[in-house]
Structures are given as structure tokens and as C-alpha cells.
Amino acid sequence: MDIYRITKEPIDVASALVAIGDDRAGAQALFLGTVRNEFAGRASRGLYYDAYEPLAEKELRRIGDELKQDFGALHVVLIHRIGELPLGEVSVLVAVSAGHRTEAFAAAREGIDRIKSRVPIWKKEHWDDGQDAWHDDPEAFSPK
Amino acid sequence: MDIYRITKEPIDVASALVAIGDDRAGAQALFLGTVRNEFAGRASRGLYYDAYEPLAEKELRRIGDELKQDFGALHVVLIHRIGELPLGEVSVLVAVSAGHRTEAFAAAREGIDRIKSRVPIWKKEHWDDGQDAWHDDPEAFSPK
Amino acid sequence: MNSNTVTVTTLFFSFAADRMNGRRKTFDLPRGTTLGDMVHQYLEPVLGPESRNWLYSVNEEWASWDTHLENGDEIAVIPPVSGG
Amino acid sequence: MNSNTVTVTTLFFSFAADRMNGRRKTFDLPRGTTLGDMVHQYLEPVLGPESRNWLYSVNEEWASWDTHLENGDEIAVIPPVSGG
């Protein structure tokens, strides 16, 4: 089973593992992005994620189809959480099953790379000093 | 926190994720090995895993230390299940947290590769036709 | 609005929403306006020249500059993404 | 057993246990016997010449051929591993 979802709720890893289960699979690879306490050396206290939800879910589905096509993934789960996330929370999950570990790792790695480069989601850093900044804002964002 | 364990009980993924949690981590990578319904094209109905437990746990710990040294992994969980495993069951878990995804993926991949090459664990294939064979037995093992 | 005008809704996210002072604006455009025209005339003055290099969608699908805007279209302005 | 003899326990796994008809055997060896001697004289005849290329442990740690075996040592025979 596949899942492609933008959600405000905590991401449930157990459900993702159930979804990708398959007797043909010898390998499952998961990637979880978690909220870190610093970015480029500047202390942070959390992240806010915004998304254009309908297009983001479409793009997650397209990426999942590519991972099956390109790497032979059997099942794919791609979930991105949005809203306010404190330190340590899971912001994104990539889970794939495949026959062997080389394909599973390649699919999971490409999955997160393609999410980060193509899916309409944006994050705002809540710096520990009280300032805020959207990532990739050429005017406001100065990590140091 | 790190966990290095040989166990007869089902592997608990949620506990592994709790163990590797760290506010310094932006990335968690997991690999799960699962029991497949075929090997090299021959239908299988399950696996039996044997281990030399004390040395296997020592070797898991050494691999974990290497993953921290070589890839900057912050926390490592390496668990291998033994005994009779039906199709679909998780036989091995590798979970690592790291600052960024490149390190996390590299550590998880090396983790499973080093387990497969060095840890004293052996698996017996229960072929679907009723025959059994230890993997890597030069006399008995003929997958086709 | 008359038959020579189309009304479109435009969605803004991330720092583009901050600069537009809102996540949603309505524009009345001359019939025949393309997405490229609209970005150039109405958005670039506020969002800056880099907005020419961003991606845009029309009705929840990626769209090119030469897309003709129709009455009721929903345009989304997609500044550089930073998910993950 | 006298003072010129040491008694060691040897553990077998996987297909090595099948060929030895058991997972644990006790051997009485002349004092001074090395791991390499023991494998050559007592195990190779049953496990075959490939057992020279396997790994061995003594008292739960990897051991080399020139390890002198002591009374009470626990040897483990490690055929090619296949975990994962």
C-alpha cells in the first residue's frame, strides 16, 4: 500500500511500516527528518512548515511513482507534517520496501532529495534569539 | 542512547526510534531486513536464524562504535532477531541518528553491510518445497 | 467585471505571503492575459525580479508562462521550496 | 585428565553443527596445543579443508591460529556468516 499525505498530526511510523509490508520485500528503508536545535551554527528552538497542500500531495504521489519506476520500490509512503514543530519532532517520513537493500536505500535517499527539491513546502526557522526567518528568503534569511 | 542486542522477541521499531532521538539530529535513517518469499528465484516459506550470542552482541557494539567514528552517527541501534521467522517478519534493524541525511544514510547502509559480513549469525532457508538449507553451506546450499 | 475581464485568485506562501501582506489576493485581468504577463505586471513589482525564476501553478498543476488565464483560475506562487 | 592435558569446550553453529552432530563438544588436548593445531587435527577431518579459512573465537573473542589453548577455554567455530 502507498500513502502520500500532508498532515498537521504527528507522523505515525508504525502505520507507515504496515503500509509498505510485502512478502516479496527483503528490505525496508526509512528516513525521518527531525527538527534540529541549530541551523548553520545558529541556535534554533523549532520550525514552522507551510505547504500548498493539494499540489504538494500530487507531487508526493508523482515522486512515489518515480521511486517504483526508477528503483523497483514495491511500496512507498511519503508524509510531510506542517504547522509548528518543536525540537525533535518528525517533520517528514520516507518509507520504502524493495526486494534488496541497495534498491531500498537508493529509493529512500532519492525520495527525500526529491521532496526537498520539488514539493511546495516551506519552513520558517524560529531562532533561539526570538527572530524568525523563512528558509531561502534571499532578503531575510541570514543563518549566522 | 544506543542498543546492541540479539533477541528472540519481535523487534520493536518504536523503542529504537526513541533511543536514537536527539535534538542535535536532523536525520534518522532506519533499515529493516524482512523475511522474503524467495531467494535467488526459489520459493521460500521462512527463515531460521542462529547466533553465537555473546560474540554477536560484542560485534554489534563494535560496529556501532565504528558508525559513530566513521560517519558521525549520534546514536545507533543494532538489533538482530533469531529463531524461527515467518514471511514478512523483521529479522534485523539498523537505526541511526545524525546531523544530516548524507551521514545518516551512509551509517545505516554501512551498518547493515557490516552486520552481514562480520556478525556471527547464520540463517537457514525453509524452502517452500519442504527442504531446508543453511546459507553459505558449500555442500548443501543450491538455491535453484 | 465585464466579458473583457477575468477574475483570478492568487495564493502566496512563505516569504511571498509576507511581502504581499496576505496569503490570497484577487486580480481582475484583461481577457487574454497570460501567466507570464500577470507575474510581470502585478507580482514582480512587489515580489522582486527573482519571482520570474519561481514556479507557478494554475488550478493545482504546474503551469508555464504562456498559460492563458481564465475566469475563476486559482494561481499559486511557489517561491523556492524548503521542505524536509 | 592430568597436568599435561587441557580440556576445552567447542561450540558449533549452522552447518558446522549439523556435520559435527551437535552444538557443543569437549576435547582433551595436550598442553601447549594451539588453536591452529586443534582445528587441523580435530575439526578439519569432519568439517573439511574449508574450515581452515573460517574464523574462530576463544572465550568470546576473535582468536588467531597461534593462540595457546588453556584448560576451560571455550572455542567457537564460526563458518561464513549469513545474518541480515
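For clarity, chains are labelled A, B, C and D in written order, and residue numbers in each chain start from 1.
As a convention for this text, a residue touches a chain if its C-beta (ideal position, glycine included) is under 8 Å from a C-beta of that chain, and two chains touch if they have at least 3 such contacts.
Owing to the predicted nature of the structure, the values given are computational and were not obtained by experimental measurement.
Shared contact partners of chain B and chain C, listed by label, are A.
Centroids of chain A and chain D (each the mean of its C-alpha atoms) stand 50 Å apart. Distance from the chain C centre to the chain D centre is 76 Å, each centre being the mean of its Cα atoms.
Measuring from the averaged C-alpha position of chain A to that of chain B gives a distance of 24 Å.
One finds 27 Å separating the Cα centroids of chain A and chain C. Residue positions of chain A touching 2 or more other chains: 33, 112. Taken as a graph of touching chains, this assembly is arranged as a line, each chain contacting the next along an open chain of partners.
Listed by chain label, the pairs that touch are A-B, A-C, B-D.
Of all residues in chain C, only 11, 13-15, 17-18, 50, 55, 57, 60-62, 76, 78-84 touch chain A in the complex they form. By the touch criterion stated above, chain A contacts chain C in their complex at residues 33, 49-52, 54-56, 58, 80, 91-92, 112, 115-124, 134-140. Every residue of chain B that touches chain A in the complex is listed here, in rising order: 13-14, 17, 21-38, 87-88, 90, 97, 99, 101, 104-105, 108-109, 112.
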